[in-house]
Structures are given as C-alpha cells and as structure tokens.
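So, here come the structures, one by one.
Across the two complexes that follow, chain A remains constant while its partner is chain B and subsequently chain C.
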Partner chain A sequence: MSDLIGVWTGAILTLLVFSYLLGDTPLFRIAQAIFVGVAVGYAATIAIQVVLIERLALPLLQNSLGNWHLFIPLVLGLLLFAKLRAQWAPLGNLPIAFLFGVGSALAIGGALSGALLPQLGATVVPLTTLDNLLLVVGTLGAFLSFRFVTLPQRPAGRVIEAAARGWGYVGRWFVLVAFGAIFAATAVSRVSILINRVYFLLHDWLQVVK
Partner chain B sequence: MKWLATAVAIGVGLIVLADFFFAFPLLDALGFVFKEWTILLTAFALLLGLVNLALVHLDRLARRAEPGAGYSALVLLTALTVLLIGLFLGASSDALAWVFDYLYVPLHGAFFALVAFFLATAAYRALRARSIETTLMLVAALVVFIGQAPLLGALNEAKEWVLRVPGVAGVRGILLGVALGTIATGLRLLIGMDRPYSE
Partner chain C sequence: MIQCPLCGYENRDGSKFCGNCGARLTQSSGLTCPMCGEPNKVESVFCSKCGARLVPLIVAPTEQAPPTTPPIKGLSLPAKPPAETPAQTEPPAQTAPREATSSSEWLDRLRTLQPEEEAPAKPASEEEAQVPEGLGAPATPSAEEAAPRAPVEAEEDIPDWLRTSIPTEPRAEEETPPSEPAPSREDWLRQLREATTAVEEVPDWLKPAAAIPATEEPAPAEPSALPPLELASVPIETAIPEWLRETAPEPSAEKPAPVEEEKPGETLIESLVAAAPPTTPVAPAWLTEEPAAAEEEDLPDWLRTPVPIEPGAPLVAEPAAPAIEPAAPDQVPAWLTALKPGEVEAPFAELEKEPIETSGPLFGLAGVLPLAAAIAEPHALPQPPAPRSTEGARAFEAILASAPASAAPAVRPRRVWTMRPLIYLLLALAIVIPFFVPFDLFGLSVPISGGVAAEEFVRVIDALPPNSTVLLSFDYEPGLAGEMDLQATAIVRHLIRRPVKIVAVSTLETGPQMARRVLEPAARAAGNYDYGVHYVILGYLPGNEAALSKLATDGFAPDAREAVYQVAFSTTPVGANVKTLRDVALVIEFAGTDAALRMWMEQVQPRANARIVAGVSAAVEPNARAYRSAGQLTALIGGLLGAAQYEILSQQPQPGLAVISVNAQTAAQLTLVAIVILGNIVYWVRRPRRVKDQRG
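Now for the complex of A and B:
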C-alpha cells in the first residue's frame, strides 16, 4: 500500500516539475518548495543523527572525562550560532577561522596529491606519436590560455610574452573541445535521467509499458 | 579577538598541512583530532545554514502580504515533517527511506531531467551564434553525443579520440590551473595574507 501511495506521489511530483515546460507555473513552485523542504529536512536529520548525536553527544554522555577534547568542537559549534545576530557575530569568527585553517591545509594537500602531481606526471609522455604531441601541446596551451599576467616589457620578456600568448591561443581550441565534450557528457546523463523519469511514469505509474 | 582567529587558522592549518607531509605520532594524532573536529563543526555549520533558511522563510511568513509566503509555509512544513520523522523514527527507518525514495528521488530526478531541455536550447543558441569557437565546441559535443550510440563505428572511434586527446588536454590544462590556484589561495590563508574569517 505504501509503495502504491509512493508511486502516485512520485508521479505527481514528477509531473509538477515537468509543468515548467509550459512556463513558471504555481505547480512548479509547489514542487520546488517541497524539494527544498525535503532536502533541508533530510540534511538536518543526517547532520543531527549521524554526526552530532553519534560522534559528539553520545561519546560525551557516556564518558565525558575520557572524551574531554570533544567539548572544544561543542563550544566552537555553539559559537557559530552567534553569526545569526550582528552584534554577536565576531564570536563566530573563531570556529570559522578553524574551518578555514583545516580547509585550506586539506585543499593544498588535495590539490598537490590529487591534481597537480598526477596530472603533470600523466603529461610527461614520449613525443613519439602525433596523439602524444597533441596531448602535451594542448595541455600546456590550455594552461597558458588562462594566463592573466604580463611580463616586464624587456626584449626577452616580449618574446616570451608573444610565445605564451600564441601557445595559449592554440590551447583555447583544446579548451573549447573539452567544453564541448563536457557539454555532451552532461547532456547524455540528463537525457538518461529524463528517460528514467518517463519510464517511471509509463511503467511504474501508468503501467502501459513493460 | 582578530589576532586569536588568525592564530587559530594559521596554527591549525600548518599542523594539518605538516601532518600531510610528515609521519610523526604527535602530528598524526593532532591531525586526526582536528579533522574529526572539522566534521563536527561542518555539521554545526550546516545546521546554522538551515536555521538561517528557516528564519528567512519565517520572516516572509510574518509579512503575509509578500508574494510567495504560501511557498515558504510549504518549505517549512515539509522540512519540519521530514526532520521530525528522522529524529523520532531514526535516520535508517522505513519512513525516512520512503521519504527519500518517493519524494526526494523523483523530485531530484525530475529537476535534473529538466536540464536536458535547457541544454538543447543552449545548443541551439550556440549554433545561431555562428562563431568559429562555438562551432568547434558544438562539433566536439555532437561527435561525443552521437558517438555514444552504437550506430557508426567511425563516429565511435572519433568520439574516443576526442575524449582521449584534445578533451583530456583541455581538461588537464584547466585542472593544472585550478590546482595551482587552490595552492596559492590556501597558502595566502595559511600565512595570514587573506583573512576572510575576520570580516
């Protein structure tokens, strides 16, 4: 029974969202409001139950002396709520500073080990085939196409500047091809989701296709 | 007070960064504890954001004349219902699973499916722009898009080549720039040049 109600609810909500194809209708706004409400309620449940109760409240209640260090994030977390009132807002800077400190350190480590070094390593390939040559020229060109500095106007600086600008111009073409590929991949994934939704309506709800 | 926030950001950040590169028992322990605290503080920050969202909608409800007050009431009512189900019946309860399967998934899927229509419109507009750049982008997109279907072997090979050579080169160049930008921004924060937390 609950599955039947669920299928009907899901189908009606799907149709409410698709009503946007006719314009910004009140039906679409209702679906939007329900989506925001469900997402907010679900996120709050996970944050409270899975993180704050299981990893903070329970350890503190069971063994507050042994887990004394958890009082620090508790106090910092409560200080965050000072941000809700303008005159208390500076009190919330401390937990924000903590988050920025850890966040920037993790971002540096992640960027180094997850992006910079592996991508540079993968770019160092023998220039024996046309594909490898295009890969190296394209990678460096795409990188140079996002260059927003100018070198000092000395003769050597001017030569390097012109070379970098030319290479960056070639790299721009590679970036455009990459954008095209990303656009197509996004379109494919969205069309797949659309097919899934239409199949849900025709198979699960109306039961007109097998 | 500002100096304390700066000291906390620099001190904590340098310890976590050092833990990333060196294996010392004390650094490992401190790094682990700081990351654990970060998870807890992120949950608090998420709650703060949700409380702020609720306050904004309550404010809109208080001024009933404002258009959209009914939608605000719907947002609050749905959020409160889901939260109460989650808190009283548990995050792994059948009731919350029902909410996820029959409310969240259909809505999420339908909203994402809607993007397919906007992408088609965007492609049409790009086609009408008639510049070399947009044409190149669209040709690459078409090759990848049609190449997904097993219709023409040659087009499938072309798709593979576009993804493997110019596609990878373009994305890799962007990734290198993003990584260098992330490192530079992170270092500026860790040496105290940027202090967004004390604004």
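Now for the complex of A and C:
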C-alpha cells in the first residue's frame, strides 16, 4: 500500500513538473514548493540528528570531561547566533573565520596535491603517439589562450609573441571543444533522467511497459 | 569695480573704503545669498544663482503700491522690470542710500526684530529727534524704512579725519539737486513752513500732487503721491527738473501727471489693484482726535492751530502742515497712516501668518520667501511654444474634434507559432517508442557491448579478493538518481556476486537514502546478502573536505554508528576488521557533481593512497576523464551508456534498466541532433530574406 501511495505521489508530482512545458503554471509552482520544502526539511532533520545529537549532544552528556574538545565546536556554533543581533554580530565572525580558514587550507592543500601536481605530471608524456601530441599541444595552447601579457617589441620578442598568439588561438579551439563536450554531456545526462522519469510513468505507474 | 553704497563712486576692485566719501566698502560690496552663499551685487533683489530673495519682504503698507519715486533698489521689487539689466536700474539721485548691511546682518536683525526698530518715525540722528513728532515722521518716508539708518551707520565707519570734511547733513544734500546748496536743519524746517510760497510757483498740473491731503484720490492707494517731506522741504520749483516741466501735459485737476516711470511690473500691479475689491480708507482714530495738551506743548506755534481744510478749497495755498490735520478718512495719506504705531505692526502681523523657517540659514524667520509675494512679483513672460509643439497641439485638437471612427471588430492577436511544441512532441516520441518497439535504428545505436572504460571497471571488480571490504560513497542527489542509480545498481549487483562486503557512506545528507535505495533491493535479490553481515550503511559524513581528510588520515571514527539500527560500526561483522582506508580494498565513488569527485581526488586519494574507481554522471564524465588519464582513478564509467555497458560486461543474470533505456537514449540523442541540424538549415535558408526585411 505504501508503495502504491509512493508511486501515485511520484507520478502526480512528475506530471506537475512536466506542466512547465506549458509555461510557468501554478501546478509547477506547487511541485516546486513541495520539493524545496521537503529537501530543506530533510536536510535540517539529518543535520540535527546526525550532527547535533549524535556527534555533539550525546557525547557531551555521556562523558563531558572525556569529550572536552567538543566544547570548542559548541562554543563556535553558539557564537554564530550572535549574527542575529547587530551589536553582537562581530562575535559571529570568529566561527565564520574558523570555517573559512580551515576550508581554505584544506582546499588549497588538496588542490596542490590532488589536482595541480598530478595533472601537470599527466601532461609530461612522450610525444610518440597522436594522442599524446594532441594532449600536449592542447594543454599548452589552452594555457596560452589565457595569456594577458605582451612580450617586449624586440625582434625575438615579436617572433615569440606571434608564435604564442597563434598557439593560443589553437588552444582556444581546444577550450571551445571542451566546453562543447561538457555541454553535450550535460544534455545527455538530463536526457537520461528524462528517460528514467518516462519509464517510471510507463512501468511503475501505468504499468504498460514490462 | 566696487560702487560706493553712499555716493555711488566707482572704486577699484579690492577697495575697502570709498575713494570719494571714505565709507567702508567691504560689507557693502555685495549681498551673500542666505540659501546658496552666492555673492550678489548690493542692489540685487534675487540671487543670481538660485533665485532666492536677498532682501526680506518687510514693507510698509504704502510700499505695497508702486511708488511714484524711482524705486529703491533692493526694496522695490514690483517696480523692477524683469528683463532690465542692472545698468538700467541705476538709482536716480534722490534714491535712498543703498542697504549697507550684509545679508547676515539683516537676517540677524530680523531674528531680533522689534517693532520700534522698524518704525519709520525713528529719527536718524539726535538732531532729528528734536524735530517735532509730526514733522519728524514725514522726514523718513515709510517706503524707505531702513534707509535712514544707512547714513548713521556710514558715519560711524568714516574715519575721524574724514568725518570733519563731510557735510553735517549728507542725506539732505543727496535729496536736493546738486545745484542747490545743502540747507541746514533749521533752514529745512523753515522751508517746510514756507512751503506755501513755493507751492504757489508750482505749475497747475502739479499742484494737486504738492498738496498731499488732496480730496480727489485716496491716499493709501495713490501711486503718485510723493512723500510730503520732499515737497515740503524742497521747493517744488527746484525739485522739478526742467525737462519735466517742459514735457508736462495739460494741467488736469482730476489726475495730475505724476513723475513716474513706465515699469512693466506696474501694469500688472495696477491691474491687480484694479481687480481687487475697492476698499475705503478709513482714517485712524488718533488722527481724528484732538491732540492732547502735552502734545500741543511740543508742537511749534505754527502747528498748534490746525488749519481747517475744506474739501473744495484750492490746494495750492495749503502748506505741508495738513499732514497732521484731522482730515477726513479718505484724505489720510498712506505714508501718514503707516506712521501710526498700531498699524506699523501690520507687516509683522502678516509675517506671523507666514510659516516660520525651522532650519537652514533662515531659521526663525518668516516671510523671507513668501509664496504670495513671489506670485505677485513680475515674472518673465513665458516663451512662446515652439512651432512644432503648436502644430502637434493643433493636430491633437483636430483628432479630438473629428468624429470617432467606427469601432473595428476586435481582432484577436494572432498567436505566433513556434517550433517548441513540435520539439517536445518529437522528443517524447523518441523516448516512448523504443520502450514498446525495440529496434537498432539501422545500426546507429550506441555500441553497448564493448567499452574500454567499462571493461577496466569490470576487471577491477573481478580482481577484488573474496570477502574483502569495499567502500561505496553515494554522492549524488535524488534528482540524479534516475541516471546514477543505474550505475550503482549494476556495480552493487556485481559486488554481491563476487562476494565482497560493502560499507556505504555519503558526504551529502541525502546520500544514505540513495544507498538504501540501491543496496536493499540488490541484497533482497541476492537472497543471502544481509545487512550488518555483508553490508553496512554508515550514513552521512558531515564536514565535506574536513570529513574526508579525517577519514583518509584517521580512518573510521571508533564511535561511528551505522545509519539503519544505530549500532556501533566496530561491533558489526563488516566493521570489525575495518579501521582505516588501508583495510578497504577499493573505494567506489558515485559522483553526481564535479565537487564530490574533486573532494575524493584531492583529500582522500593523495593522503590514503587508496584505489579509487568512479561511476559518474554524464555531465561529470569530461572532467573525470582527466583524473583517469592522470592515473588518480583506477577505472571510470559515466552516464547511462556506461551503466548499460557495465550490465552487459558484468554478465548480469537479467538485463537491467540501463540496457532497456539505452535505445531510448540513442533515439533521443539522434532526435536532438536532427533538430539542431534542421534548425540551422532553416536559419540559413531564411537568413537572406530576414536580412532583406530588416534592411528594407
């Protein structure tokens, strides 16, 4: 029975979303409001249950001295409420600064070790195959296409400038192709989701497809 | 050049004292606008920058009518032509001294204004104070309230060495023609008494004007009435210039030709006065009463006995004394009415009606910028409308005057047809038909039997040791479940068949539900794959990068609980031997976004050196391929096609949803490509005609 209610609810909400094909209809607005409300409510419930209760309140209630370090995030979290009043708002900058500082440190360190250095190393390949050649030419051309400096107007500088400009022009086409591939892949992804929704209507709701 | 306010002498710029009379020039060189601070000429009435009035509108009742005498600049605005240049408004010789105080001074004086300060009867000097009241008052006409103060102030500023060289009565000297010697005060009074003989020499057409208490015209509204002082103190014969005497019109007893200038503003004022309801001037009671005995003692002998005036008597023989006669109400001159103490306050009473400024430099003042006075003042004539505007107005009138056209039948706006519904229809058919009629589309279907990426992925799974533990991260939202569930389901089924143990986590709040959505049906389908024994859902890992970094370095938290039964993870058969990522044989990341995959690549892979494979959305696949090329990902599949390939290559017992949906995916993609090509063809075919229409 619960499955039947879930199927019908899902089917009706799917049709409400499809009503957007006719324009920004009130039916679509209803479905949109339901989805936003459910998502926010679910996220808040998970955050309260998983974070505040299981990882903060219960450990502090059970063993406060042993989990003394949990008072630090507790105080930082409470300081965020200072943002509600203008006079105390500066106190709320402390936890925000802590979050930004930790986040930036992790992101920068991870980008260096997990993205920049490995990706640079991946471009150092022998130019023995066409794939490797295209990889090197495309990578360097993409870098040169974002060049915002001009070399000195000396004879050698003019030659290098012309070469860099031409290579950057080629690299710009690599960038355009990459953007086109990302766009096409996104379209394919959304078509897959559409197919899944149509299959849900035909198979689970209408049961006309096995 | 700086013009002396007293003598009119042109001084060079920067002069502080007049080179002719020695008067101080610094404060009289200009008027500062109280509104904008713009320095203006001393004779300016309105600010040349903002148009604010520079001189307070405090006038005696007689001044409201245009005076016969030339206007005193800065005080007689209504008589000033709007378009007249300052050079044209140079005062004649008999004008009162210009206002010698700066704007701040007159503002301050207005703030502390006392009625007696503004009373025109106040003598200009102590010598004038000795003049009898009835005579001293006319010596300072009400139309020039502040004028008598100027000589006194100017004298105070004159150096001592210069004071001795200045005539004792500069004002009398100014009011007399230059050819006449300046009479002393005694002579002045004597002339006042002997004015009768001088009046006899006045032409007939000026005699009514010489006799102020004339009976024909009401005094308050008489614009041509000269102040009696000038008629009385100065012989009329000498006061009238020769040119005026020659151009005098025919003598008329009804209305003497006054010596007045034609002012554009006067026409308007006169018309307004004429349009106003007639008012009968009423003589004040203090004039009709007999003078008190004490007052009579102060009067000179020639004034003690009032001379009776008969209405029809000739006016030529009357001296200036009738000014104090108890005349009929309509015979009281305006200047004399203004001298009555009780009526002097009339201007202030009017000012009290005006709103008092509450801020700005005019704080505490009223009537400085009265609206009524601004309306009554002469304004520049409005510019005639442009011919184009006139033509437009006539055309509009013609349209309004024309008969209304017959109402055309309401035409419903034609709905513009677009290809959007057709695209929707084609796409829907391309998706629905393959579910009912599987076909290969003439061999154009995407090959799902092979795939390098999927083969690599399958080999990695097949290489896992039996009963090893695999960490699955479900990092996609429910919105992407339609695409990502297909990959996850195919991979989980393959893992169950191996068999390996599964630990599921997520960096998203909704991830655990996605894990249950995939794992539980696959476990039920397998039959002997139990929760807690073979697989565990750890749930949500809050903290994003921080949580993954901690997981990579410290492993699973000792007090971590699984998400379904809230049992400690370490107590479960799955988690008994899993403490860190080193205890995990493989990490499988299901990433719906670039951010989720990037976190695992940046925080976990370099720190834990774990083997990571990823099944990602088709939108993430182009970026994920870079990690695969760099070796950070051991294997990668993407989108619906990757799921279908994995289902086939992993030898699923029954075809999954990915294989069923791949035909619809192929048909939809081909339809989209055909629509894009067709749209471009139509665009390029219709472009010349559209360009021609735009140019035409």
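The rule is short, and it goes like this: the second predicted complex is superposed on the first by the 190 of 210 C-alpha atoms of A that agree within 3 Å, B and C clash if a C-alpha of one lies under 4 Å from a C-alpha of the other, contacts with A are read in each partner's own complex, and residues count from 1 in each chain.
Rule of thumb we're sticking to: contacts are C-beta pairs under 8 Å (C-beta built on N, C-alpha and C of every residue); 3 or more make two chains touch, one makes a residue touch a chain.
It should be emphasised that the depicted structure is a prediction, and the values quoted were computed from it without experimental measurement.
Residue contacts after overlaying the shared chain place A:Trp68 against neither chain B nor chain C.
Of the two partner chains placed by the overlay, only chain C lies in contact with A:Val209; chain B stays clear of it.
Touch criterion met: A:Val102 reaches chain B and chain C at once. With both complexes placed on chain A, chain A has more residues touched by B than by the other of chain B and chain C. Once the two complexes are laid over each other on the shared chain, residue contacts for A:Val188 go to chain B and to chain C alike.
When the two structures are aligned on the shared chain, A:Leu80 is found in touch with chain B, with no touch to chain C. Looking at the shared chain after the overlay, A:Gly121 reaches chain C, while chain B stays out of its contact range. In the superposition on chain A, A:Leu13 makes contact with chain B only, while chain C stays out of contact range.
In the superposition on chain A, A:Tyr199 makes contact with chain C only, not with chain B.
Looking at the shared chain after the overlay, A:Trp88 reaches neither chain B nor chain C. Chain A residues 21, 39, 42-43, 46-47, 50-51, 55, 102-103, 106-107, 110-111, 115, 119, 122, 135, 178, 181-182, 185-188, 190-191, 193-194, 196-197, 200 lie at the interface with chain B in one structure and with chain C in the other. Residue ranges of chain A in contact with chain B, taken from their complex: 2, 5-7, 9-11, 13-14, 17-18, 20-21, 29-52, 55-56, 69-70, 72-74, 76-78, 80-81, 83-84, 90, 93-112, 115-116, 119-120, 122-123, 131, 134-146, 171-188, 190-191, 193-194, 196-197, 200. Taken in their complex, chain C has these residues touching chain A: 424, 428, 431-432, 435-436, 479-483, 485-486, 509-510, 539-540, 542, 544-546, 549, 559, 561, 598-599, 601-603, 605-607, 617-623, 626-627, 629-632, 638-640, 657, 660-661, 664-665, 668-669, 672. Within the complex formed with chain A, the chain B residues making contact are 1-2, 4-6, 8-17, 20-21, 33-48, 50-55, 68, 71-72, 74-83, 85-87, 90-91, 96, 98-117, 119-120, 122-123, 133, 136-145, 148, 161-180, 182-183, 185-187, 189-190, 196-198. Listed in rising order, the residues of chain A touching chain C in the complex are 21, 39, 42-43, 46-47, 50-51, 54-55, 59, 102-103, 106-107, 110-111, 113-115, 118-119, 121-122, 135, 178, 181-182, 185-200, 202, 209.
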